[in-house]
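Two complexes, one shared chain (chain A), two partners (chain B, chain C).
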Partner chain A sequence: MGLYVSSTRRRALAVAALVGLCALPWLAQAAGQGFYVSFASRVLIFALAASSLNLVLGFGGMVSFGHAAFFGAGAYCAALLAGAGVAAAPLVWLAAFGAAGLLALLIGALSLRTRGVYFIMITLAFAQMAYYLVVSLPGWGGDDGLPLSGRAPLFGIDLKDDTAFYYAVLALLAASLFAFDRLAHARFGRVIQGIRENETRMEALGYPVFAYKLSCFALAGAFAGLAGALLASQSGLASPSLLHWMQSGTLLVMVILGGVGSLYGGVLGAVLLLVAEEVLVEITPHWQIGLGLALLAVVLWAPQGVAGLFARRRGDD
Partner chain B sequence: MTERAAPPSSPLLDVCDVGKHFGGVYALNGATLAVEAGEVHALIGPNGAGKTTLIHTLSGALRADAGRIRFAGQEVGGRAMHERAALGLARSYQITNVFARLSVLDNVTLAVQARTRDWGTSFRFWRPFARDTAIVEEARALLERVGLGALAGRRAGNLSHGEQRCLEVALALGTRPRLLLLDEPMAGMGPEESARMVELVERLARQVTLLLVEHDMDAVFRLADRISVLVGGRVIASGLPDEIRADAEVRRAYLGDEA
Partner chain C sequence: MTQLILEQALNGLQFGLMLFLLAAGLTLVFGIMDMINLAHGSLYMVGAYLAAAAAQASGSFLVGVGAAVAGTALLGVALEVSLLRRLYARDHLAQVLATFALILLANEGVRMLWGAQPVLLNAPDALAGPVEIGGFFYPSYRLLIIVVGLAVAALLYWVVARTRVGMWVRAGASNREMTEALGVDVRRLFTVVFACGAGLCALAGALLGPLLAVQVGMGESILILAFVVIVIGGIGSMRGALVGSLLVGLVDTLGRAVLPSLLREFASPEVASTLGPALASILIYVLMAAILFWRPEGLFPARA
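Let's turn to the complex of A and B:
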């Protein structure tokens, strides 16, 4: 995989998708299916979480199996702040972003001393530690999780309205993806992709590789925390299952399905997985067999994921 | 070990009694070496003498167990590889080590971009790299210099072996080193490619101090200003090419049948 370059075509597709998503609540209302707006918010939140994992996995080349820890940290941060009476959404988002980023900085500083399988295992171990810590805290609701009393308003806009909340989520996702696009094309993005390709060579060229990897890991964790805070607001609950290793696995599946190292891979994967779940669960409770087959097909025939199917083949490669 | 006369100014690279062992095996056993600024210093020795281990300990890929390494007046023995590279101590690899999936141009721009003293840090998250035209221009000029100008858009992994060896050197050059450690640049090359690499190294020698590890004795005696001979992890002789050719100990230990 070469260094990432957004083609005009891909940017145009993204803008078209954004316009479509802006029209979605209106379309849902017109079709009398208003409850889908809340579902759509959920999908977009997972799209943000998966995109943040893609930053670590696809651009930084670090196979983190503990991304759920930061997702969950953001959710609990939002729930605790709501419990403390903080009534301003931007403050909650910022706090979740910062808290999850700090946790990622800590976990990353220890985990990034290892590589390969050891890195996978140690990130998994840290995330499970976070999970058991949260479950064991009675003040944080234990197994039941921590409910949120309501959604904090955004500059006077009441986010309890599902459509308003949906637009807030959409705006945050679009802004985050724009930031990721800038990052991928900036010098930092080139360096982390260089590290993905050949870590030793980057070190020999004079790059402090550890510092770059840690920054990437912490930044991705922060964005996962933001997604977690949004999910807690959306569902009205910070559940310990958000930190569970299966959640890390789900996010990984989304990224692999959508396209590792593609800017919109996380979004595509989240949409595919959650919509498939919604549709297929109606047909059969064994829908995950279908998911398994789909994953197998992607890994075998479309290693660049669904996003890779959209990209045109370049001549030389 | 030969006694080194104190040079008028301190050498660019001063390696003193460096030891490195792997378990019970001593790869380096008191290696001492001085590279003066501006020279081409060749390091020769039989297989298993510790040449590549020495390059690894100098570049920081391995830590020496004993001795000290001074570069440009600073003790660097304890420094990480990236810190040494930032000080101007660059290396190429014996086994080609480039960014195989990236374009040739991206390979070299990553090397040029690494020079924080010219461009500042790469912790820039927002400003598009496309605006750093000076970096790309320099990378293109560098590719012209090593004869890869026409291949800038190709995937590095698709280049021929000889072309990849040139790219390997270009990566090291992109960091504008003060001292370049060239680990067998002609490794695995045919005669024609070798001749071109010798020419390239000759041209480089005018711009940068070189420590050259090479098996091809014709190339070594043609390129080197001074030669050090490493045998069994120790430098048994260090001097002008003619002195090395005439050195009885070197002939016995290494050049033997060839000379």
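Let's turn to the complex of A and C:
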């Protein structure tokens, strides 16, 4: 696993990508494909969720197989608040961030006592508990999920407009990635990466290893919750499938596909997977065959993910 | 009430034994090769579909089961030799990604061959009625599943605990390098183990086919239960897999049957009727979390 690397070249690429993403709604309108603005919001939301998973996985070295629990917690938090009549987007986002963070704090405090495969399995177990609880709680919509009546406005900006909503998501994603980058270079990030490389040594050096890992886990859960709230607003539904273990698997696949431990790995993986799905669906009803083969090819021939492929080509990892 | 509990206990035993057929292969793959195989549930699905197809073509349930076991075991060998072998040395993340891809391929392949609708697999006519045991009636087909499950479990136990091959398998699970150093060809042994695991998956799929729906996605739901079983039992341990399976089967089935009425004794009917089903469905995950909390290596750790 590589460190979070920042080079001027990578920064330039990121700025170029940001400019391109800002121009995307105009391009879509000009091409008469307004539908793609909504699709792009969805991709960016998954990019945020996958990036948050990359924080625990790539950066903290903890293989969490239950990240969907926090994603779904954020979505249901947004749906419940909308049902209670809360009509301010920042409040909803903050609440989803906090609620998912608290849930992650609780689950992490119990799970982080185990290691390796057992950690993978216990996070999965907690996520399954959350899934079944959400499905069976009365008033939470069961298998159908909770519909949201509309999108709450952001300081007077009407987010029901798909383009406005897209820009809000883009701004949140950019801000979150910036925060992850700063975090990686701060003392906290150095310690967490040290723990990933050699936990015993960091313990011997006197760092409170458990507290650091728990903070990292909770922070990642909080960002996943934010992504969940955004997805619920985007689709107008908090669905239990967001908490299903296949969702945890999909997020993991996005991160591995993009590049574990690389700052843009989650974004790259989410974009690749969702765009590949979208393109393959157009070509064939059996698109899962194509996707499966593509994933196998990545495992066998691009072990560091797609980000690693680029880094190796350029030789500046 | 006692009769209900007795009947549900038998159902739990039956479900637990079928879980064991899956968990036995999974725990050995996990234990010996340290490989996370998410596609294990897909083998179970493929087995059920093969059984349905062969049973329909031949008109005999028995032929269906036999064809499913043989066909899936062959598929297992092909999979192991062509792909999985390349993944043993890789980290768990690569294994998760590759076997996740296999799930997609298997689901779509089955959908292409048999369509998206569930396929019908009927129990043999001779076993359609109930039998009387100790004063109450129990479906004879479920009883057959229990008998077959117990027989296979006994056979597996004998092979693993009493034969030379079984000794190699146990040695491989507890320390692979040492076993290789002592001259056992673990790679070839493992191909055989994987084929047997695939065959057992198919047996479970074929036997459960008439009780549950044979449909795309059936593998994923049972896969998670099989993982819960092997984590509870201790990864790589056959005895752990058996105890874990029975525990999960009984707790899940009895919990669903008894918990709502049990809650009614302590709480108001509204609380009981809402909380009961929710609690029952998470019971096994609570059990797993509790066991991992107090015994992080599972009940019967293979690597002592």
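Everything below uses one rule, namely that the second predicted complex is superposed on the first by the 308 of 317 C-alpha atoms of A that agree within 3 Å, B and C clash if a C-alpha of one lies under 4 Å from a C-alpha of the other, contacts with A are read in each partner's own complex, and residues count from 1 in each chain.
To be clear about the criterion, a contact is a pair of C-beta atoms (placed from the backbone, for glycine too) under 8 Å apart; a residue touches a chain by one contact, two chains touch by 3 or more.
As the structure is a prediction and not an experimental result, all values here were calculated from the model.
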item: Clash or fit (per the criteria above) of chain B with chain C on chain A; value: fit
item: Angle, in degrees and to the nearest 10, that opens at chain A between the C-alpha centres of chain B and chain C; value: 80
item: First, second, both or neither for A:L300, with chain B first and chain C second; value: second
item: Chain B versus chain C as contact partner of A:V117, first or second or both or neither; value: second
item: First, second, both or neither for A:A204, with chain B first and chain C second; value: first
item: Per-residue touch tally on chain A - higher for chain B or for chain C; value: C
item: Which superposed partner A:K160 touches (first chain B, second chain C, both, neither); value: neither
item: Touching partner for A:R11 - first (chain B), second (chain C), both, neither; value: neither
item: Distance in angstrom between the closest Cα atoms of chain C and chain B, superposition on A; value: 12
item: Interface residues, chain C side, partner chain A - complex; value: 30, 36, 38, 83, 86-87, 90, 92-94, 96-98, 100-105, 107-109, 111-112, 220, 224, 227-228, 231, 235, 274, 277-278, 281-282, 285-286, 288-289, 292-293, 296-297
item: Interfacial residue positions of chain A with respect to chain C in the complex; value: 57, 63, 110, 113-115, 117-118, 120-122, 124-126, 128-129, 132-133, 135-138, 245-246, 249, 252-253, 256-257, 260, 286-289, 291-296, 298-300, 303
item: Chain A to chain B touching residues, read off their complex; value: 1-3, 182-183, 185-191, 194, 197-198, 200-209, 212, 215, 316-317
item: List of chain B residues in touch with chain A within their complex; value: 59, 61, 80-83, 85-86, 90-91, 93, 97-103, 106, 109-111, 113-116, 122-130, 132, 153-155, 158, 171, 174-175
